[in-house]
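Letters are used for the chains, namely A, B and C, taken in the order the chains are written, and counting of residues starts over at 1 for each.
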Amino acid sequence: MVDARALPRRRFDARLMLAGGWLLVVLLAAIFAPLVAPHDPLAQDLMLERLPPFWLPGSEPGYWLGTDSLGRDLLSRLIFGARIALIVAFVAALAACIVGSTLGLVAGYFGGWPDRIISRIVDIWMAFPPVLFAILLVAVFGTGLMSVIIAIAVIDWTRFCRVIRAEAMSQARMDYVENARIAGFGRLRIMVSEVLPNVLPSIVALLSLEMGIAVIVEAILSFVNLSISSDAPTWGGIIAEGRLSIHQAWWVLVFPLIALFLTVLSFSQFGEGLKSRFDPVLR
Amino acid sequence: MSACLDISNLSATLPSGQRVLRSVSLTVQPGEVRALVGESGAGKSMIGKAVLGVLPPSVRIVEGAIRLEGTDLGALSAKERRRLIGAKAALIPQDPLTALNPSRRVGPQMTDRLVHILGWAADKADRRVRQLLDEVHIREPDRVMKAYPHELSGGMRQRVLIAAAFASEPRLIVADEPTTALDVTVQKQILRLIAQLQQEHGTAILFVTHDLGVVAKVSQKVTVLYAGKVVEEADTPALFANPQHAYTRALMAATPKYTDPQASLKPVDESVLAGLAAEIAVADHDWRPHG
Amino acid sequence: MILQRFLIRLITMAITLLGVSVVVFVIIRVAPGDPIAMMLPPGATDADIARLRALYGLDRSIVEQYFIWLSGVVQGNFGTSISLRQDVMSLVLSRLPATLELSIFALLIALIIGGPLAIVGAREQGTAVEAGIDVANGAALSIPDFLWGLALILLFGVLWPVFHISGRVSPRMDLPFVTQFYLFESIFRLRFDLTRDLIGHMFMPALALALPLAAIISQLLKISLKEVMTLDYVTLARVKGFSETKVILREALKNAALPTLTLIGVQFTFLIGGTVIIERLFSYEGLGNMAIDAVINRDLPLIQGIVLVFALIFVLINLAVDMMYALLNPRLRHG
């Protein structure tokens, strides 16, 4: 008998490809921002304020997506904004993932008092409105990239902790863990070599999801003017500007919104796709 | 006079195209008990479900007809079919533990068909159900009707379900392995109860079971099913006296005798199964659903 | 048994709230920047600053400050707002009803969208209708309320302006209300012109909050319904002659709703957490909007009060869900 799992997946995973494709575009734009951006994202030109996107009358060649109320090129701001969005996404999500997964693994696998303490802390964290918590933290640490990253990691580690704790708990009851114990392996070693690989697909999916959430939180923080600095090109900052001039220049809101929509959707779908691809049970 | 239930040439398939019923024909005359026996997976429950219009969506009837008191179910709209089955047929389910809704009291679950489908007045339905509870020897109808299912024992719940099935005076009852989930001691009581009510009410029963011992006790006619195909059909005494088909004989050899439970059992013979498989393969090869 | 469960929950609740108050207190006190200096005009003397610091109790140690604050809270005194110079408790109470109305309205929308979608999906199992519902759920789930809010502003505020996109009530309306529960009171007083204006303002922020929750409700309830619908008592109800919709509503829904309920409780707290940014986005005068102002103004007493009120609401919802679960489950009720 051929093990069906050993066979290559027949179905072309459109979801994974589309999501991955968009994320690749954003990543490339972020890395090569100075090369691909047509203008300086900070350059103001009051002669060129609120230019509409290229297909509308009154548009200016070279300003593809139009300009904002200070005459800054929208496309360039979006491209440079992708840099900040992705840096925050990767670093903050990874930090939250490492802290949360470790604590979740410990709580779920060891149980007893470590579990009780960690679960109590998670309960306390869950009683905070997360957005308010983030705003409070950034206000305390002072605005800046580092504060934003720390704030997101401090808030969202519980997301990993809760899921991984539950999974580690059910893994800990499995026969193979029992067998490893009988074989004489230490508890820490079993946790790392037996339990961790089995919860890894969930961690990967959550990590991808969390990157999308981090992008949103960063946007929210810059929307309330608490993220980096007020004129740095962030997607949230552009949205805040667009929200104000919504009746005069709708495109300033529409384009960053589309970028956010696609990025968040892609991160979550990418995670789901990866999970179903790597999860030996689901597959 | 038309048969109570007349299934003719019924075939059904799974989405994969595999046939689960192979040109099945059988009839149940008014007031008659017909046993439908076979091993698990033979399709006997599938036939019961088809008769009651509750096949899983994945199973598709591709040919044949089911007539309930002369009416072709396939010719009716979904709503008409539902109403007809609700009025004329009833089900005694297999597992009394899952056949009652855990969050509703027992009483309304017994009367709802009478009131909402048959349009009886509430007090008439109530009296009717109490009468039936008496017939199944439940002495405290008030307590039982006010109870939630989990407050009753398994045997008690099965009696409630039997009472509910007979309450609407259906023409046909499908009994789907009604004793399989019960203790052996309770099984006998329940069988006796079904037989007794069947005689008093003159209801026709299609009795689905895998147990030839049960067949001998309750039925007048038997249909033996293998892999969705009828292999033998006879009067019950004749079948036990003189089984015609090799599979029936093998099945009998594999069933414990009430007279001699210690006698050694033989599993169904491999060569018999191989012969059947070949027969079915040939039939499937020639088979084309018409229409 | 239910009473014991209730008592245990009350104790953990108290511990959680205490934990929240400690965390907020610590975070705020380590914050650089002196809120007192911000509220005084430039040129104030050091003596002035010291006097005000003493007034707000900021000259004592953190531990001392915490216990002074805590003993006040226990007596219902949350202190005085630094930026608004009013009693924190009365400020919170003046804004809380707006946020509660918005959250409950959003929950209702989520139930009204999610419930029927789940029922239709379970009814049409395996069809294109179910697949369509799944896709819609997936999208609504991965997009957070903030983005829905912005999208709604664009669609129904600019492209097709049928709803208000900022504020809670039109300024020209004169309000005869004695409570802050405008929506409830307008219905109670039969002032449906006001009800319409309030809903016109509330609908879009509420919808933004409701969409992700609606998707969760629809998804979980549908899975749960499909599971219940394979059980024998549902088959029996079908045989009895009841229509599929009736079978779902009468036999399956209640039993399927029970496991969904617990999860909705947690999700509802997420929804309320979302009001903070959604109120900001729609300039809706609720607690969350005030909270952001409080953070920006470094109004320590006000931040503490608001965070604690949010935490209290969250633990109360969890408690209510837990109790409701026990009450609705006949096994627990009679066990």
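Please note the rule applied: contacts are C-beta pairs under 8 Å (C-beta built on N, C-alpha and C of every residue); 3 or more make two chains touch, one makes a residue touch a chain.
Not measured: the values here are computed from a predicted model.
Among the remaining chains, not one touches subunit B and also subunit C. Distances between chain centres, each the mean of the C-alpha atoms, put B farthest from subunit A.
The highest number of C-beta contact pairs joins the chains A-C. In this assembly, the C-alpha centroid of subunit B lies 52 Å from the C-alpha centroid of subunit C. Averaged Cα coordinates give subunit A a centre that lies 24 Å from the centre of subunit C. Averaged Cα coordinates give subunit A a centre that lies 56 Å from the centre of subunit B. Subunit B contributes residues 49, 52-54, 57-58, 79, 82-83, 85-87, 89-91, 93-95, 98-104, 109, 112-113, 116-117, 148, 150-151, 161 to its touches with subunit C in the complex. On the subunit A side of its complex with subunit C, the touching residues are 120-121, 123-124, 126-133, 135-137, 139-140, 142, 212-213, 216, 219-220, 223-224, 226, 239, 243, 246-247, 250, 253-254, 257, 260-261, 264-265, 268-269.
Those residues of subunit C that touch subunit B in the complex are listed here as 125-126, 231-233, 235-243, 251, 254-255, 258, 328, 330-331, 334. Chain contact summary for the complex, subunit C toward subunit A: residues 12, 15-17, 19-20, 23-24, 27-28, 30-32, 138-139, 141-144, 146-147, 150-151, 153-154, 157-158, 269, 272-277, 280-281, 288, 291-292, 295-296, 298, 303, 306-307, 310-311, 314-315.
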